[in-house]
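Please find the structures below.
Heads up, the next two complexes both have chain A, just with different partners, chain B and then chain C.
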Partner chain A sequence: MHKYLALMKISFITQKNEVSVLCARLFFLLLLIGIFYQFWHIVAQENQTTNLINPVDFIWYLLIGGVLQYGRGEGLHYRIEQEVKSGSIAYRMLRPISVMWAYFCEAMGTFLFRLPFFFCIGAVFLLMITGGKLPTCILDLPVIFILMLLSAVFISLCTVFIGLSTLLMQDSLPMFWFIQKAEYILGGLFFPLSFYPEWLQKIAFATPFGWVNYGVARLIYDYSFIKAVDTALHILFWIMFMIAVNTLFYRLLVRRMAINGG
Partner chain B sequence: MADRQYHFFFRLIKMSMKQSYALKAAFWLRLIFMIVSDLIMLIGWYVMFQSFHTINGWSFEDFMFMSGLNISTFSIWTLFFRGGGTYMAQWIQNGEFDHFLLSPPNVLFHASCCVSEPAGWGDFITGICLMAVSGLVTFNTFGIVLILFICAVLCFLSISFILTAINFYFKNAADLTERLFYVFFCICGYPGSIYTDWAKVILITVFPVGLISILPVEILKNMQFSSFVYLLCATAVLFLGSIFLFYRGLRRYESGNRTILRG
Partner chain C sequence: MPKEVILVDQLFKSFYSSKGWFRKSLVKTDAVKNLSFSVCAGECLAFIGPNGAGKSTTVKLLTSVLYPTSGTALIDGLNPWKNRCALAHRIGVVFGQRSQLWYHLPVCDSFSLLAAAYDIPDHVAQKKWKELSEMLNIGRLWRMPVKQLSLGQRMRCEIAASLLHSPSILFLDEPTIGLDVEAKRILRDFLKKEASENGTTILLTSHDTEDIEKVCQRVLLINNGTKMLDTSVQRLKTDFLSKKYVRLIKTNGDSVRLSFDTHKQSVQSFLKQTDLNDITDITIENPPLEEIIRALYIGGEAYA
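Up next is the complex of A and B:
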């Protein structure tokens, strides 16, 4: 356990040195929020009779979804792909740690640094553009933050899964595109799922993305203890599921490495 | 001389596409998953337009045309000119550009055409289908759409050349090139009608993303001759300007003295 924590710590510390990457990611996050704030503003003007979420709640909703999206480490899946393709992963396997969990810790270390950093700066930005207006459920923010950490665990596992999918697909990019777009739409990253037709909402909640992204972000304007617990339980279920899938893939990887020798 | 150059480029493009087809399973998977991911995004926007019908005057059909144009333009870049932009930026930063300077063909096009991304076919198919079903492409408008498409491709290439040229002027700017590309894609992906007032002016002048995403739809919808002329002029200026900027920058290139083998 100590070794894994050390890996997480290294990844966490590395983030402090990647100032340009952090600034760029933060800029995209704020740009995305700016674009959608403008979008929602226009939609609200045109559809005054529609029961819309108020713009302040909406951009805080976007901030939570955006932080989960932009807080993840970029390129880890590509690095796993390269290591699998080149066979250099075999050298990693000689170390007395599980490669799968090492990758996970690396992804998680990045998340642990970026999550509070992006959230705090994003929150200041939102307060500036909304003239200091706060979202409806601001007092429940600590609970939401804990749930965001749970989501981060799932997303980190998902990143490892994308990298390991190279084993089956020769390439990790197709899986990356697919999961990214599914997150955008089924996770309600751009629009809350409540605007979707019922059939699409059912599909979204049958996947992890509905819970990991939308489930957490919606609590900023529609909080209840039961909803928070429900979301937490669902995310935990999907974390277990993803651990099982990754373990399966990892065993397959080890077997292939043993047969082919990297 | 020109004939030999064209012959070389066709051979180069053919070779880079053959190279991308080397891993057959990966090629087909990339193609299929690209189409699927494009369609997933489209479903999301379809649902949004079903709820709100129009967004500042733009209907779902307008959005489909815009997406189709963006995606197909992007696909032309990924299929034939993928070397431009992020790859070239890396080569310049690492001092690996000497190979192109020492070869007889045109430097800019040689470097641009030597990489091909197979997923581009998925984008190309999706983009053309989206434009076709948008309802904005008819027998009467086909000629204009073709011109708009050529303009969009030229604008896209120009932007990639400009973002590449940054690396001649600033050290270690490959990362900046990549980030600016993301900003470009990010802005392109949303209905052009959400950008109003000063944002729209910036997007069709200083940061010319609007030449690909906003103006083509407005020209087709409203048949504005003045906008059409502006688009043609802006594309010409942008394209020539980007080539000028690239070659001016190339004079500042410092060799890395690295031994590299490249086809």
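Up next is the complex of A and C:
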């Protein structure tokens, strides 16, 4: 366990050296929230149905979804792809450490730094543009934050899965695009799933994205203990599912590497 | 009698590739064929052969990167393919064309990660790093990112990293490839010292005959995956490295290539009979390994 924590710690610490990446990501996150806040204001004034969510709750909803999107490390799946293609991954396997969990810890270390960092700066920005107005369920923020960490675990596993998918498709990009678009649509990144037709909501909740993104973000305006527990249990289920899939892929990878070499 | 720490018995490794558009047929390539040898504790063995001979494949097999098609091997009493994790604690591996360090991290972070991976306590890792950095002259590289290191610096760090957990066996696959003369000298001196002082067993593959001469006591030559020769370096030198090639560059830019055999003619007499007037540069080379192998094929007559 100590070795994996060391990997996570190094990944966490090295984030402070990536100031330009952090600034660029933060800029786009805040820009996205700012644009959507203005947009939502206009829509809310002209359309009665949007009264379901007030603009302040809506941008806090966007902040949670955005932090989960922008908080992940960039390029890890591509690095895994390159290591699988070049065979370098076989040489990493020489160490007494599971390469799959090493990748996961790397992704998680990045997330653990960026998640609170982006969330805190984002929250200050939201308070500034809303004139200090707070979302409906602000007191439940600690529980929401814990659920965000659970989502980060799932997303980190997902990143490793995208990298390992190189085994099947010789390229990780198709899987990356597929999962990213699925997250945008089924995770309700731009609009809450409650705005979607019922059949699409059912599909979204049958996938992990409905729970990992929307399930957590909606709690900022529609919190209940039952809903929080339900979301946590669903995310835990999808984490277990992802661990099983990644383990399967990793074993396949080890077998192929052992036969064909690095 | 010293304990045998590497025991290889009838090792085979075949690769299969598919051929044809409609009717796919498998084409078999034997990279290693019926290879058997053993290495004693503290011994330095040079594993030589031309490109594609099967040297790197054998090292990959013995370090558990690859599974064999058939045959057995015991590395320090462990089956490399069944005890991968336990083996990792007992062997150090350096592949000249691959890096085990984290490219984007400083050397110190790579070392602390490796120390954690091998469950080495911090104070032990620090002590080991001090020892290694003094011997390999890499102390000032501690805070430098790996991506900023020169090839020679990186290779010295790679060797230090492979010895951090004090392995009893060190596998080196072309460690001096692309290095300058000084970097090669530092590495060779270090490896020699490591073997003699700590009793580390070294298995080294190289195309550089000086690596073999300076570091190893024994040579195992393979070609087409088959063992061709297993002898001492002393014996190889006297039998096969006696031929020297001399290239003379004249003042008008012309070059002349001469050869002589140190068994048949002394260096002094060769130089006496050679016209050294108008010479601006002189290069003396050993015969390439490929030539030695060719000589071995025809019973060493080319060098007789």
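Keep in mind that, in the parts below, the second predicted complex is superposed on the first by the 257 of 262 C-alpha atoms of A that agree within 3 Å, B and C clash if a C-alpha of one lies under 4 Å from a C-alpha of the other, contacts with A are read in each partner's own complex, and residues count from 1 in each chain.
Basically, a contact is a pair of C-beta atoms (placed from the backbone, for glycine too) under 8 Å apart; a residue touches a chain by one contact, two chains touch by 3 or more.
Keep in mind it's a predicted model, so treat the numbers as computed, not measured.
Once the two complexes are laid over each other on the shared chain, residue contacts for A:F195 go to chain B alone; chain C is not touched. Note on chain A: of its two partners chain C and chain B, the one contacting more of its residues is B.
Of the two partner chains placed by the overlay, only chain B lies in contact with A:I42; chain C stays clear of it. Shared-chain residue A:F104: touches no atom of chain B or chain C.
In the overlay built on the shared chain, the residue A:L31 is in contact with chain B alone; chain C does not reach it. Contacts of A:F178 after superposition: chain B is touched, whereas chain C is not reached. When the two structures are aligned on the shared chain, A:V21 is found in touch with chain B, with no touch to chain C. When both complexes are overlaid on chain A, the residue A:Y214 reaches neither chain B nor chain C. If you check the complex, the residues on chain A that touch chain B are 20-21, 24, 27-28, 31-32, 35, 38-39, 42-43, 46-47, 50, 169-171, 173-175, 177-178, 180-182, 184-185, 190-191, 195-197, 200. Residues of chain C that touch chain A in their complex: 15, 57, 60, 63-67, 81, 84-85, 88-89, 93, 95, 98, 100, 102, 104-105, 109, 112-114, 116-119. Chain A makes touch with chain C in their complex at residues 2-3, 5-7, 10, 14, 88, 90-97, 257-262. Those residues of chain B whose C-beta lies close enough to touch chain A in the complex are 23, 25-26, 29-30, 32-34, 36-38, 40-41, 43-44, 47-48, 50-52, 54-56, 119, 175-176, 179, 182-183, 186-187, 190-191, 193-196, 199.
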